[in-house]
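Here the chain labels run A, B and C in written order, and each chain numbers its own residues starting at 1.
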Amino acid sequence: MDRRGFNRRVLLGGAAVATSTSLSLAPEVSTAAAGPRTAPAGGETRHMKLYIEELADGQMGYGLEKGRATVPGPLIELNEGDTLHIEVENTMDVAASLHVHGLDYEITSDGTRMNKSHVEPGATRTYTWRTHAPGRRADGTWRPGSAGYWHYHDHVVGTDHGTGGLRKGLFGPVIVRRKGDILPDRTVTVVFNDMLINNRPAHSGPDFEATVGDRVEWIVITHGEFYHTFHMHGHRWADNRTGLLTGPDDPSQVIDNKICGPADSFGFQVIAGEGVGAGAWMYHCHVQSHSDMGMVGLFLVKKADGTIPGYDPGDHGHGHGH
Amino acid sequence: MDRRGFNRRVLLGGAAVATSTSLSLAPEVSTAAAGPRTAPAGGETRHMKLYIEELADGQMGYGLEKGRATVPGPLIELNEGDTLHIEVENTMDVAASLHVHGLDYEITSDGTRMNKSHVEPGATRTYTWRTHAPGRRADGTWRPGSAGYWHYHDHVVGTDHGTGGLRKGLFGPVIVRRKGDILPDRTVTVVFNDMLINNRPAHSGPDFEATVGDRVEWIVITHGEFYHTFHMHGHRWADNRTGLLTGPDDPSQVIDNKICGPADSFGFQVIAGEGVGAGAWMYHCHVQSHSDMGMVGLFLVKKADGTIPGYDPGDHGHGHGH
Amino acid sequence: MDRRGFNRRVLLGGAAVATSTSLSLAPEVSTAAAGPRTAPAGGETRHMKLYIEELADGQMGYGLEKGRATVPGPLIELNEGDTLHIEVENTMDVAASLHVHGLDYEITSDGTRMNKSHVEPGATRTYTWRTHAPGRRADGTWRPGSAGYWHYHDHVVGTDHGTGGLRKGLFGPVIVRRKGDILPDRTVTVVFNDMLINNRPAHSGPDFEATVGDRVEWIVITHGEFYHTFHMHGHRWADNRTGLLTGPDDPSQVIDNKICGPADSFGFQVIAGEGVGAGAWMYHCHVQSHSDMGMVGLFLVKKADGTIPGYDPGDHGHGHGH
């Protein structure tokens, strides 16, 4: 692969670059070896098993193995073109379901009681999710692809909209990638659910660790009743599909604060500490009462030697317990 | 017109395609005949009459004929460059007005009491709305056009911001199209007004019918006091001017859930059932208490034979009465 | 330089133009004299002094001179590449700080108590903000620049998130410009802080004056507890980085109403009265109870002769005192 080929691939992978001839010729630099990993084309058919369980503390979760459910549920990653069959076993004593945002599914995989696509207690049901790459329709119009930062959740527990299941933890992240999308070193999930983050007690994170230079992907989901504003200290992202600007011609606003409401989701990648260095960088809801009540976590960006300047885990005054 | 010419026109009609040489040469397919209808250039001067009326149930509405007011009011469609003179007759016993978002109007058409542009009880007033295509100003900067999913509403009843008129139903949709914008087969209007949709009783829709493959345009408007998140099952749109990606270079996020507050408006087109098939697809506010209280409707997508798999109008368990 | 060359400069300055061959070949020409002023390249190192003070009425403000603090604090403008050292003197009897959004700063300039970067009563501390132009990283990926409509605020007074300081007025606007960004004739700042605008009493503006044709830049910031929708009568903007469409290929939605929550910020430029003429144009929060309670101001656009048609400062009926 020659330099130009590589750079062009990266550019296109960025999702939406205006490829004028001059631009694609421009990057005559030798970064072929150093480029980030990118997503492959999809097209695979995959199968997985998912358990819906009640947790010891009364919460509910999705899990890949029996007795190992988590809140949020496991990250499900697909590439555009993939099909996923998910056999869901409901080990609880109430009906529950799996409803996904953004992906293609027939009405039998809707996950609603109205469409009889929920899972009775003790029963098993297979949901099928499909994804597709963008392309031109027969009539010449452009069809968007499935790529995006999406999520799945229960639509049945408590009410016909899953209000009880959502409150107790039945939600999780889904990422669909486009061929050429830049792959991160690590992905972290933040769910603002009512006044909690990932259903943890207030003032207890979660905190996420990284080393300066790591490419860390964030997927941020909101659930419940309230609106929030997600804010990060020292890091920013683009308000578009990938959270990454596609290049100099992308007009998207770069932000570090975003209003979001229930079932909204977005994602982005940051280079940990880029231009700002190591540190205990807060992320929090910026609605004042929400941050004061503990909707705060830390992005702990370490130097290569593992230290974090100015950070004392046992003595930081922001009321953020661990 | 040869094939390439047609395809190029479609592309440009999509509003914002980066036309690199390779892209505009690419679509060498014979879809000339199959392409969607597109909006013509504007430039017409039109006149219409609008009545502001109290409805039998105490609500208020705008209507094109006396005694035929509706909530929401009638859809007003314009093409960039059009001028519309609206003679408004207020048949009520309180002052009311017509205030529009997004369009060009002189201060005498502001529709506010402050600017003495309201309509006294029993009186008539002509409001003039103008629209314009995008273009370059004398100083070389770019002036946006009027195209968009907009709306009109009262600004006088109850308070100087029309809080009473809005609550009772004095609002309606406006769409301004750009030359080349794709025209839908059908347009539906959803207004989240306080905790109701289109001022209907909770748990009673409205439902919208379509057949798989129909190009259905949605215009979504919010009014009142609360924020909402508009969500659709099984269908998505782009978070940009048209709700349609302009092509592979459009970086906009594709979403199926969007936070919105009073007087926000947006629109999009979906191909009914595309990639997912027929079904009773819910759309609803995703704020949990709002959906539980009945801010839910159905997008009833039928097969060609008129059936909807799994849908029983008399027996669906989501608490959605008809 | 001939006109076409100038136009290209303007285009590129607009930040994100898709350069199709025909456009990118265009640049031959020269209208240097007629174009708007644009931002220069940055790269300067600047120093300023900022005082944090308690105001006579019990509010708190940032100021460039002792005893001259204002709410909002002074507008700080930078060009991408600039570094700013701000010596902050806290003249109050409680600790306070300076926390900025969007810019590059090391953890020692975080402005949080957790990172021991606040200013004790009577003390002085220097904060350093850096900015950078966009560019390609060593790995070929695109790094966004710092340009944007940002803001600074206290993070310490009252709570560890500065809830008390924010309520009392410790906030201000920051604009970072990219080389070529169009410069306005005037910039105005609107802060929706809880139920007030710029901490003024309800129903008392602020009002902003301009003459038809002026290029007026608005920076809109939200703080506190509530969500709002910012609406302007008779003027619109693009929902992207600059608020200005970059040209015909920019897919951004043009809006006149935008939902925003605490710490969100955005900006745009309008040509006062463009296509609509002079008038007393309201801007207000469109949440009905908020506008009714007085979150309203006027954009007073005068004719060249200084008059405003239909506007009587002493007798306008929207309950908006001066």
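In this section, contacts are C-beta pairs under 8 Å (C-beta built on N, C-alpha and C of every residue); 3 or more make two chains touch, one makes a residue touch a chain.
Worth saying up front: this structure is predicted, and the values here are computed from it rather than measured.
Undergrad: Cα superposition of chain A onto chain B: how big is the rotation, rounded to the nearest 5°?
TA: Rotating chain A by 120 degrees superposes it on chain B.
Undergrad: If I list every residue number at the interface of chain A and chain C, are over half of them used by both copies, so same, or under half, so different?
TA: Interface between chain A and chain C is built from largely different residues.
Undergrad: Measuring centre to centre with CA averages, how many angstrom lie between chain A and chain C?
TA: 30
Undergrad: Identify all positions of chain C at which a residue touches two or more other chains, and write them in rising order.
TA: In chain C, 18, 20-21, 227, 238, 245-246, 249-250, 252, 259 touch at least two other chains.
Undergrad: For the complex, which residues does chain A have touching chain B?
TA: 15-21, 99, 101-102, 104-108, 110, 112-117, 130, 132, 134, 136-145, 147-148, 159-161, 163, 166-167, 223-225, 227, 238-242, 245-246, 249-250, 252, 259-266
Undergrad: Using the touch rule from the top, collect the residues of chain A that touch chain C in their complex.
TA: These residues of chain A touch chain C: 6-7, 10, 14, 18, 20-23, 27, 29, 31, 34-36, 182, 227-229, 231, 233-234, 236, 238, 244-259, 271, 274-282, 284, 286-289, 291-292, 296, 309-311, 316-320.
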